[in-house]
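In structure tokens below, several structures.
Okay, so chain A shows up in both of these, paired with chain B first and chain C after.
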Partner chain A sequence: MTFRPSTAWSLRPAAAALLALVLAGSLAAQRSREYDLKAVFLFNFTTFVEWPEDARPKPGQPLIIGILGRDPFGRVLDDVVAGEKLQDNPLQVRRYRTVEAAQEAQVLYISSSEAERMPQILHFLRDKPVLTVADMPHAAGTEAVISFATGNHIQLQVNPAAAQRAGLNISSKLLRVATLVGQNAVP
Partner chain B sequence: MIPKSFQPPFPVRGRNRTVPLRPLASAAFFFLAGVLSAQPSAGGFLKPSDLKQMTVEELLKQDVVSVSRRPEALGKVAANVFYISGEGSRVTGATTLPELLRMAPTLFVAQNSASEWGINARGFMRENAASNKLLVLIDGRTAYLPLYSNVFWDTTDVFIPDLDSIEVISGPAGSTWGSNAVNGVINIRSRSAHDTLGGLVLASGGTNGSQVAVRQGFALGATGAMRIYAKHTERESTFDSAGANDQHDEWRASQAGFRADWVGATGDEWMTEGEWSTGHYDGRPLAPVLSDAGHLLARWSRELSADSNLWVRAFYDYVLRDTNSNLTEETGTADIEFQHTLALGGRQQFLWGLNYRRIHDVAKDGVGFAILPRDAKLDLGAVFAQHDVTWREDHLRLTSGLRFEHNDFTGWEYQPTLRLAWLEGKHTAWIAASRATRTPSRIEKGFFAPAEPPYFIEGGPDFVSEVIHSYEAGWRGQIARGASITATVYNHRYDNLRSVELGPPIVQANGVRGESYGLELFLDYDVNPAWRLRLGGFAMHQRTWDKPTSVNLEGAKGEASFPKNQLFLRSTFRLNPRTDLWFSLRHIAEVPAFESGNGIVPAYTELDAQLRWQVRPTLQLALVGRSLLDRSHPEIGGEIGRREVPRSVSGSVRWDY
Partner chain C sequence: MTLLADLPVQRKLRFAMLLTSSLALLVACSVFLTFEYLGYRRNLMQTVATLAQIVADNSTASLAFSDSTAARQILQALAAEPQVVAAGLYGNDGRPLASYSAGPATIPPEPGAIGMRFVDGQLVVVQAVAEGSRRLGTLTLIASQDFMLARMRRSFWVALAILGLATTVSAILATVLGRTLARPILELDRTAGAVTAGQDYSLRARQYGDDELGRLTAAFNGMLATMQRSVSDLRESEQRFRLLADHAPVLIWLTDQHGRHLWHNQRWLDFTGRTQVTEEGEGWASGLHPEDRDWTLRLFHAASETRKEFQLEYRLRRHDGEYRWMMSRGLPRQGDGQGFAGFIGSSIDVTDFKLAERAVAEARDRAIAASRAKDNFLAALSHELRTPLTPVLLLASEEAHNPRLPPEVRHDFEMISKNVALEARLIDDLLDLTRITRGKLVLDHRPADAHAILQDALNTVELDFRERRIDLKVTMAAPRHRLHGDPVRLQQVFWNVLKNAAKFTPLGGWVRVETHVADRNRLLVRISDSGIGLTAGELKRIFEAFSQGEHADTPAGHQFGGLGLGLAISERLVQLHGGAIRASSGGRGKGATFEIELPLDGGAGESNSQPSAYPFAENEPASAASKPA
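Here is the complex of A and B:
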């Protein structure tokens, strides 16, 4: 064994070489914060869903994205929808304490803080033309139209049967990239 | 049958402790610099306005950085981590944890008997397969036993079909995971009960034994899920080198357990799991060896806000290992850990926590020796913190961590780490410097022989913790379409390794120093969608020597039973949509047995393979062959008395309903 403990085996040249090598790389690493992403998803959902005629806000009236339960977004969701319109309807964020008040929203984000009440909330909204988005995996299996499953990436779970009951028409563009759950999960 | 890690101990004539202040000081400097320079901003992450320009497909591909969900992910960017997915067990047909761990090219896995394995990364294993420098955690519960400073892989069993992932970290990780994470950490996670709804029956049998595993998962109210499972394993005896004499080490083990996950009021996430297992082997010519183990664990986490998360985990673990004439240990461990993670603006994350552990360990006297005190209550407390900061649009990331731990044997120990990563497109380069410790075992502090005074061997009154200083550098990157590489080089320096010092009286002490360096390499190549190739392994060199003050009866090479290199070639090939063929060819260099001066384990090449047929979505058949190239071969130990691992062929049926 020729190796001597006193010989400092320096890693510096190796590290420098590695750094030089990767400096040649190009694309920036793409990473996003969870609730920035979820806010953008909520905004996007408005373009992938058709509400029944009588549930659409009148021209000039706001299309409401509601938050039920603890608000994890801070100002992010408000900033994302600021100045945005869907046809003639400006988008607006409203926060609710009760599900009765929240039924006026077109899109309703239900925070994970409401997990325990989730079945009751979803049952109440069951036949109402509200796009329910539960921030809790497997909620779509119960009644939510969409649920977020969060891991290294965001995964969308869509329950077509729940959408149908709510009278919502979800674009195939969204269905294609989502995991379908609940009854009639096969499109 | 000699228990692992039990080496008749034998001086401390001088204690050499080096306290390297320089790494600590620079860690503190970088930490402060990071805190001062990083102002809250969205830098490093895509802005919501950028995200709005993306398609849904692109959004779904975004890596999510969530403070709350993966606090432990901090710092792993700058470390060599190999992941084995839960799917790994289906691909390889592994029915035991060590078989599955053979997937990790950084780990040397050596089977010593029907039920015993030795596993370690980066060197340092004894010829009886004991390795005291690798920490193993299962859902956060330690499987490392304080009496032996070792992991018994027979009792460290898990319900393999419901594994979520195994994370194999090579290199020290004591600042995150605590003492004894010297050469690496194996982090085993089981799947959430939400993901195991439904039933499963898995039966396998063949020339080396059989196994039956059943699980039933079900919903628990509206927001919960639970599974219960049971497993029974029988493994046939191994043979001696002549292939003639049955070694009477056939192993039988049963386990049953449960796991429940649910979301409580205000979004709190709860998890609880429990398990009981019992094992038995013949043990002739001595009496049978028995083991019982059980645990109960609960975890609670709450998101205080989008930027802050709280987490508490507690467990109680019981192990009884009755080796009759040799050494019998009964250990109860109660442990509670608290962790708080918070994001400080967009560029910094901070994690801190507290841990308290109480171990009650009772050791029954063996023939001619005792572990004193026979009944020991040990307390362990720790406080730890980790800080992560990014600069330059997230291209540069610095992680600093520090853990202070107090134990009854050696008092305060500190374990710092400093890791710097450069992320550029599809490449990451990193460097790291760490210090970690291995705390003394009960055997090292309290081995007395004979069992009553006057003693000939008097424990290790001055035994202190083994210390490692490690310097690592690595690179991960995509080198071509479908091809990626992971390369890591390291230099480990060890101090206060165990020695057995000439008396009188003979005592255990820290008379050995060591150094190792090596390269770990992994290439992953998707030839086409149906064919995946993997090439991986390591080359390393380790050297240990007695300190000038030491008269070491054991010799400095007690932990040198480790191959200089190993190489794996794996292929997964989909023959048709329902059938795939997996094989793994491994070459392991010779493994010395200096301790007994008893020859070497010659280098060997072996082939494992599985042919898997998904008959229906719910029904799978598989044919597995292991160590196919030889009738039998040894993997560790001296020539005399070691056991050989025979070739085996088995079949399995898996039914999901």
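Here is the complex of A and C:
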């Protein structure tokens, strides 16, 4: 504990410096930063969502975070989940080409590259206990359980109706930091 | 506490009560404030810890999804908690996601270690934020103690106000109670002071109640009553003593343990004409005769050493300058339970007595000397008178019976012989008397027969009886008559009494001689006559020398003749034999009876074995002749 609240120490110069850094940084850096966060978010979703009993992996079996479509994370997501566990289940990142293959995952990140196929994919996964996370805003017409709406910062959009259909129980804490979308938007 | 010692009791009591109550209140207030502080502190810690838990729990999602807006909203809710002055949420990377601050406080740049601590008067709570087992970040809450301190300050002022109020009340109470409690003590002090100042033991302290102080007051009053009584007794006794001492006919004085005079009564001062002051110590000794001064003072010192009663005589100058003989007596007196305290003494003027005594002694000495001279003179005289008589008597007796001389001449010689024999007898009596008086008479004790001796004496006086035609009747009835004595002297005794009887019995009278054995083994010889008898006055002096009856003083008295020595000698002789002689008479003209009592042989009254010489002191009043004039 080295800080001293009574000193002239302040958050504001640091915040200003960070802002300057962001403004001055390249677009690549900005995107990289965005996906770092999204990787963490994907990882964090597992703690705020409950799967139905039969959809949970058996003890010892991995809980799978799947990536459908083009992978924007590189090694970042793998690094984030490396060594992590949810209860008895180690976390594992798997990449899929087809939606059929991807339905084994508990969390499925649907890349923005799949924007055109989105309705079909989601339709296929409808009623399946998969937490679908679409890397595009809900306004784009997705029916994913969670959507990333990127503005100044990453905003979460949760579709309670979709979650209900998937049999997923989303924590109210998550709901609080998210914007509710879709039918029956009020939880 | 020595500083307190001189304070009045009332103030001491007030001080003690005030101190006690103030201390008690102070301790109570301190304890109250301490518990208040500790309670507030624990309360604060619990409250802030609970808040931290709730906030951390609520902020998991915002941390998980880097939602600083939501995080800020959550932290903003802390505004309802006035203690919390700052809060910060940090990600796992240690960077702050959101912060809240009320007032000037700010959060630190880093979350710090998990835990709860006080830093610079602020409570810092660092709480891990986790969802399930997943650590999502850290919450730091900073709570100010100001609020608590403000409440503490309020409590302090309240306590102070209570303290002040209570102290004021207890001060008032202490003053009132102190006055009540101290009142008996003050009363005692006041009374004791008044008694000491005025020596007035009639004062009494007022008693308040019946507690220890009340009882002390009662005891003090009792003591005063006793003192009053004993002081008045003492005064009365002293007055009595002064009255007695000053009006006593003797001079009275007191000394201390060292024999120095302390006090003299008025009589002494009047006698010496001096004052109490001049007589004190050894001042009185300047009134002593110069010859008596040194040894008198020495004697006083010596008496103080022995502490015993003493008596002395010294000459003391009277106010008129004359030295008077004083007889003084000192008696040791006891002090107040401290043993010897000196002497109390008395002196009386014995000058007149001494003078009289000296006069008497001188007169006596003179009388004794005169008496001795007379005895010597008598002895010499008798001897010188008697010696020439012997050849005269011898010659006259021879010539009276000389047949060659004519009868007329023989008759004349007969007359000469008779008268010389009478004179020789008288001189012999005188010699005997002087011998007895001077203790020179020697008895020749031997066994003897009293009847034979009496018969010899009767034969000697038979002629006298016959000449005067006196009827003599002798009855020797004593069955025992042996005794131990000088036959010659006993015959002399009987002869004297018989001769007397013959002399004082008129012609034709009678004389009776009887012997008996009286009780206690004594022989009694009674010789009674029908003579002129004896008056009471004559009876008293019958056995004194040179005294005859009153008849001898009359002009016709000398018809009886004699010097009156016979009976005196007889009494001495009987006494020397351990016997007694008595005379009795019915009065003038009624005859006289003489009784001679002598101890018999082998009886209880046998004193015959006494020494033959009986020494008589010259001044012994046994003989009238030896008495000083």
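To be clear about the criterion, the second predicted complex is superposed on the first by the 151 of 187 C-alpha atoms of A that agree within 3 Å, B and C clash if a C-alpha of one lies under 4 Å from a C-alpha of the other, contacts with A are read in each partner's own complex, and residues count from 1 in each chain.
As a convention for this text, contacts are C-beta pairs under 8 Å (C-beta built on N, C-alpha and C of every residue); 3 or more make two chains touch, one makes a residue touch a chain.
All values derive from a computational prediction rather than experimental measurement.
Asks: Is A:116 touching the first partner chain B, the second partner chain C, both, or neither of them?
Replies: So A:116 only meets chain B here.
Asks: Name the contact category of A:96: first (chain B only), second (chain C only), both, or neither.
Replies: Neither partner.
Asks: Touching A:153, do we find chain B (first), chain C (second), both, or neither?
Replies: both
Asks: Based on the superposed arrangement, let me know which partner A:51 touches: chain B (first), chain C (second), both, or neither?
Replies: Once the two structures are laid over each other on A, A:51 reaches no partner at all.
Asks: Would you sort A:70 into first (chain B), second (chain C), both or neither based on which partner it touches?
Replies: In the superposition, A:70 touches chain B alone.
Asks: Based on the superposed arrangement, let me know which partner A:173 touches: chain B (first), chain C (second), both, or neither?
Replies: Touch partners of A:173: chain B and chain C.
Asks: Using the superposition on chain A described above, determine whether A:41 touches chain B (first), chain C (second), both, or neither.
Replies: Once the two structures are laid over each other on A, A:41 reaches both partners.
Asks: Output the chain A positions appearing in both contact lists, the one against chain B and the one against chain C.
Replies: 1, 3, 5, 9, 11, 14, 37, 40-41, 44, 48, 153-154, 156, 173-174, 177
Asks: Mind pulling up the chain A residues that touch chain C in the complex?
Replies: So the residues of chain A in touch with chain C come to 1-6, 9-11, 14, 37, 40-41, 44, 47-48, 153-154, 156, 171, 173-174, 176-178.
Asks: Quick one: which bits of chain A touch chain B in the complex? Just the residue numbers, please.
Replies: Interface residues on the chain A side: 1, 3, 5, 9, 11, 14-15, 18-19, 21-37, 39-41, 43-44, 48, 69-70, 72-74, 76, 79-80, 111-116, 118-119, 136-138, 142, 150-156, 173-174, 177.
Asks: In their complex, what parts of chain B are in touch with chain A?
Replies: Listed in rising order, the residues of chain B that touch chain A are 42, 44-48, 51-52, 54, 56-57, 59-66, 69-70, 194, 222-223, 225, 263-268, 303, 305-306, 346, 393-395, 422-429, 431, 471-475, 477, 489, 491, 493, 513, 515, 517, 541, 543, 545.
Asks: Going by the contact rule set out above, which residues of chain C touch chain A in the complex?
Replies: Residues of chain C touching chain A: 58, 60-62, 64-68, 70, 86, 96, 99, 105-110, 112-113, 117, 119-120, 122, 124, 126, 131-132, 134, 136, 142.
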